[in-house]
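Read through the structures below before going on.
First chain A sits with chain B, and in the next complex the same chain sits with chain C.
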Partner chain A sequence: MQLLRSFLFRLASTAITLIGVAVIVFFVIRIVPGDPISMMLPPGATDEDIARLTALYGLDKSIPQQFLIWAGGVLHGDFGMSITARRPVLELVLGRLPATLELSIMALVIAVILGGAAALIGTRERGTKIEAGIDVGNGMALSVPDFLWALVLILLFGVAWPVFHISGRITPSLDLPFATNFYLFESVLRLRFDLWADIVSHMFMPALALAIPLAAIIGQLLKQSLKETMHLDYVTLARTKGYGENRVIIREALPNAILPTLTLVGVQFTFLIGGTVIIERLFSYEGLGNMAIDAVINRDLPLIQGIVILFAVIFTAVNLVVDLTYALLNPRLRHA
Partner chain B sequence: MKLSRRELMKLSAATAAAGTFGLPALAQDIDELVIAYNVNLPSWDPTTGPSAVNPTIQGIYQSVFDQFILQEPDLSPAPGLLTEWGWNDDNTQVIMKVREGVTWHDGSPFTAEDVAWSLARAADPATGNPINFVWATLENFAADGNTVTADVKSFDPTIFKWMYFLTGYVLPKAYYEKVGADGFEAAPIGTGPYMVEKFERNAFVRLKANENYWGGKPDFETVTIKFVTDAAARVAEVESGNAHVTLEMPYEEYDRLKGTLNGVAAPISDIGMIFLNDIDVMLDPNVRKACVHAIDKQTIIDRLLSGYGVAIDTLQTPEYEAYDPSIKVAYDPEKAKEYLAASGYGPDNPVKFKIQTTKGFKPKDYEMVQAIVGLWRKVGIEAEIEVYEIAKHYELRAADQLAPAAFYNWGNSVGDPTTSTGFAMFGPSPHSVWDGADLIEKIGPLWGEADEAKRIEGWKAVDAYIAENALVIPLLQYVQPILSAKGVAVTPHASGALLPHLMKRA
Partner chain C sequence: MLDGRSQVRRKVGLRLWLSGGWLLLLVLAALFAPLLSPHNPLEQDLFLGRMPPFWEQGAEPGFYLGTDSLGRDVLARILYGARIALIVALVAGGLTGLIGSTLGLLAGYLRGWVDVVISRLIDIWMAFPPILFSILLIAVLGPGLLSIIIAIVVIDWTRFARVIRAEAMAQGAMDYSASARVAGRRRLSTMVIEILPNVLPTIVVLLTLEMGIAVIVEAILSFVNLSISTDDPTWGGMISEGRASIHQAWWVMVFPLVTLFLTVLSFSQLGEGLKDRFDPVLR
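Now for the complex of A and B:
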């Protein structure tokens, strides 16, 4: 009951957050310098021409009026038309969302594998040179931002040793049988491993660039939690029972030590999605982030709004899921 | 050769990875030409919306659609879909002859009706053509056989130049009316050298050669244009062999790679300039003249742009029709000091103002402004740099609120003086921030001048007046670097458009 009430409360607060984001974004992007009409003003345009173009894109009305029109449309599922692409915003952002989600999830999986492995090995080899090496590696991974990792990866695996593709999401010449834009998942479901390999070879470098800093965070936090847990009485008891060190770490210490890391992973996942903006640009990956940069450059106001709101929905949804998962996994909260 | 266990493992891993994911095509025969392009293509209609006036996208449009009139790589007009064009004797009507035997990509015949409809559509404000006011100088479009006529509502001597400039494209009347705007966006057709086979927004467009192209079938059967907006990624694409052609990379990278790849670096119709707004200290001619004479353009080009640029003294480049090589503004710091001294300024009492610039929008834009500010400091000018986004520049310029000095790049791919000096310096234009009545008076009569020779001479006189009075600071004509694989020969186009059908097997 407590859990349900908490869930409903979170849902309500999420809705208020989204409304707040929508209002702020709408007004802020109209107040900052640079408007789309100035961007497309042709040579020789007169004041009448400017007024005509302004009216054509509905920007001649006051900002509150524009907001009411836009909000009314949103309530009916109409997020407006992109000024540059002249397509419905919802169609554009939903079309790109799967690419960004797949990239983020792949990055998260890589980060969890790398970070988890570093933490487990570091705990297993605590006090040795191996742990020191892992700490140094973690420090380097954290101190270099993801876009620099991206450039390093491009140079290493795109140019010097061209194993992976540098740009795009899939090789243009391939025929795609997909019904959705979740190419990676659908290629597995359709057992098209040739396409899967091509998609992975496009996604691997951007995903790895995104994953490296997160892996370092996961590695550090999990290792710290594990080390603290390893000193608890029940772990000592497990040792006295004669369990091996690997079993003690994985079966006994890890389930308790993982809870703080899980919360962190949830929070960091939202940052990871935010990080796709730059990474997608560098790898010309056709996701939401890449589209967001173009929208900002072109002052495509409806598209910016749509992308920001979608990002906000993802952020709040992920946080909600993390909170619920934490509550379910934590016996004290579950039974409260 | 002896391999250690570690080396053997490394080699095995590399082989396995390459086998799994497939190495990119390197030096084998090019079946499919891949171009790493520097911008995205947001939409396919080349006549409406912001994309229609984005010069960098025109190369993609021109691969699929033909313009009314063809433009040669040196910017000169040539017969295209229109084979003849001109006015009647009293300039009250335009008469155009349409090429026969041309087909649209769907196989249907191209006719004079298509031309008349495209012109009428462009002139209709409801379509959202940003250049509508140019096309609206014509009315009553009519097609008869292979002849199209229109009445001149107001005489514009440059109307035929717009027919190979922004939004000057011929679209298929019957097809467009059948499929509508959405259908056209989904499956665009033109009469151009390439047909759209596949388009992934923000990712790539795959083109197939138009076998029936009136100008001859292109050399490459299939062309994929990948949208790679990051310069470092574009360089990596071409260096790794993932792409065969790319453009607009840092000049240092161009110099590094032009030995191993084919390199072409040719001047294009874009120029770098500094707008002077007639406010504050810029109302003082001595300050303006000092600003102009204190800039060593050639050294800036040599040091910052590795020599890739052409110093200019007016807003015309050598390819433009009104270019006058006799107009010179010398680098003369002593003269600059004299001008400043005449107004009571000097190194100990510098004149102060703000200069705005973008950073990274054009090659070394910010660095160039930094160098200019350094040169100015030596003669007694203290300029504070403000960095802004290009969108803010447009907005401030349209509102006539630029700082006293503002760096910008100006494109003029038709090379006519109206679309360089004219719109940049004519006070009432939203692109101009110089509002002096004397200049408005000089430029005004040239807009409708029907005598072409007189018109061009008139613009040259305007340029001389601008240079003499330092009303703007022309800096340089940009050079566009293009890198291509050894098997590809690229013909650069002075407009800056990278055109696949001008690429041949080397």
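Now for the complex of A and C:
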């Protein structure tokens, strides 16, 4: 009951946040200098043409009026028309969303693997030079953001030793049999492992750049909790039963040490998704972020709005899911 | 992306000196750029385009780190770029700290409706993708140094506000602040005279970290070509130009990238070092 009440409270508060985001982005982009209409028309267009198109996109009305019309449309699932692409914003945005989701999830998986391995090895080898080395590596990884790691990776594995693709999502000359834009998932379902390998080889560099800072955070926090757990009585008991060090760490200590890391990873995952904007740009990856930057450059107001709102929905949804998982996993909160 | 640091604790020592040393070097480079740099950073000479650094075959004497595709001296541009980077770090970092800490203090110490409003604003800000938001703001404000500084302040104040709010709340619950109130001090003066000095170490640490972030944001915006005019030497702009000709002239991208990397690393290590030093548990 308590859980349901707090969940409903969170849901309402999320709704208020999203409305706030919508209002702010709507008003901010409408003070952008530069007229999107005159940019889309050929140089010879008459004033009449401009006025007609301005009216078509509703840009002749006052800003509060425009907002109400737009908000009314959104409630019916209509996010307006993109000015440059002349297609519904929702269609464009949902078309790009799979690419960004796949990239973010791949980055998350890499971060969990790297960070988890660093924490487990560091705990096993605690007090040795290996642990000190892991600490130094973590510190470096944490100090430098994804943008710089991406540039370093481009130099190392795209230029100096070109083993991965550093541009695009898939080799353009390939025949694509896909029905959805979830290329990575679909290539597995269709058992097209040739395509899968090509996609992974394009995604690996951007995903790794996004993953490095998060991996360091996971590594440090999880190692710290693991080492604290290793001193508890029940772990000592497990050891006196004759269990090996690996089993003690993974089967006994890990389940109890993982909770703080889990909450942090949730929040950090939203930062990672925010990072896709610039990383996609760097790697010419056709996702939401890359489209967003183009939309800003082209002054495509309806499209910018749609993308920012979608990002905000993703961020708040991730936070909501994390809170719920935490509540379900933490016995103290479950019985509260 | 840098918010997990509060969870981390390491030893104080060498890195404080190393990072401080690099930053000092950078400040000197920025101050004495006209004396140190062998060439004018804006001077173009198409006959001297893409000259390699001094140890490579075919290097042009006097251009130690080579030239870019327009024949501009890479070393001179890095030195002058340090000026822009440091101005952004100091001014944007300082203003962000001032505004964010003030709002955080007010929310954490006064509580009530002030806290409700500020916390709600923080929630809304956290739902924006920060890089996209900054690109959007630069589109609104137009390119230029001032726009970058405003964009950084508008986006990053929450970093200070969130942490300082929590700290001020903890300090406000302690006996000393209650006794200050009993002794007749008013709320705002208690906040400034009693609470502020106790959260100041945290502010200094956050400020150092924020300076590194400001340098990165400036580089990202120059990279997306929304920063200062392309003539002005910025590290991000140089990296962006170098990325385009990376297969012909690696040095145009590599040298500014290494400089940027070391600078960001130093700010962050300095912040971490200061945090450990201020932490009474470790001391």
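We take it that the second predicted complex is superposed on the first by the 311 of 336 C-alpha atoms of A that agree within 3 Å, B and C clash if a C-alpha of one lies under 4 Å from a C-alpha of the other, contacts with A are read in each partner's own complex, and residues count from 1 in each chain.
Convention: a residue touches a chain if its C-beta (ideal position, glycine included) is under 8 Å from a C-beta of that chain, and two chains touch if they have at least 3 such contacts.
As the structure is a computational prediction, the values presented were derived from the model and not from experiment.
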Partner chain(s) touched by A:A45 [first = chain B, second = chain C, both, neither]: first
Contacts of A:L53 with chain B and chain C, given as first, second, both or neither: first
Touched partner set for A:G77, first chain B, second chain C, both or neither: neither
Contacts of A:F283 with chain B and chain C, given as first, second, both or neither: first
Touched partner set for A:S143, first chain B, second chain C, both or neither: second
First, second, both or neither for A:I29, with chain B first and chain C second: second
Touching partner for A:G274 - first (chain B), second (chain C), both, neither: second
Contacts of A:R96 with chain B and chain C, given as first, second, both or neither: first
Touched partner set for A:P172, first chain B, second chain C, both or neither: first
On chain A, the residue positions that both chain B and chain C contact, one per complex: 33-34, 151, 154-155, 159, 281-282, 293, 297, 299
In the complex, chain C residues that touch chain A: 1-5, 7-10, 120-121, 123-124, 126-133, 135-137, 139-140, 142, 212-213, 216, 219-220, 223-224, 239, 243, 246-247, 250, 253-254, 257, 260-261, 264-265, 268-269, 272
List of chain A residues in touch with chain B within their complex: 33-36, 38-47, 49-50, 52-53, 56, 82-87, 92, 95-96, 151, 154-155, 158-159, 161-169, 172-173, 197-198, 200-201, 281-284, 286, 290-291, 293-294, 297-299
Sites on chain A touched by chain C in the complex: 13, 16-18, 20-21, 24-25, 28-29, 31-34, 135, 139-140, 142-148, 151-152, 154-155, 159, 213-214, 216-217, 220-221, 224, 260, 264, 267-268, 270-275, 277-278, 281-282, 289, 292-293, 296-297, 299, 304, 307-308, 311-312, 315-316
Touch list for chain B against partner chain A, complex: 14, 17-18, 20-24, 26, 32, 36, 40, 42-43, 45, 48-53, 125, 128, 130-134, 166, 181, 185, 198, 200-204, 206, 222, 224, 226-230, 232-233, 236-237, 239-242, 388-392, 394-398, 418-419, 422-423, 428-431
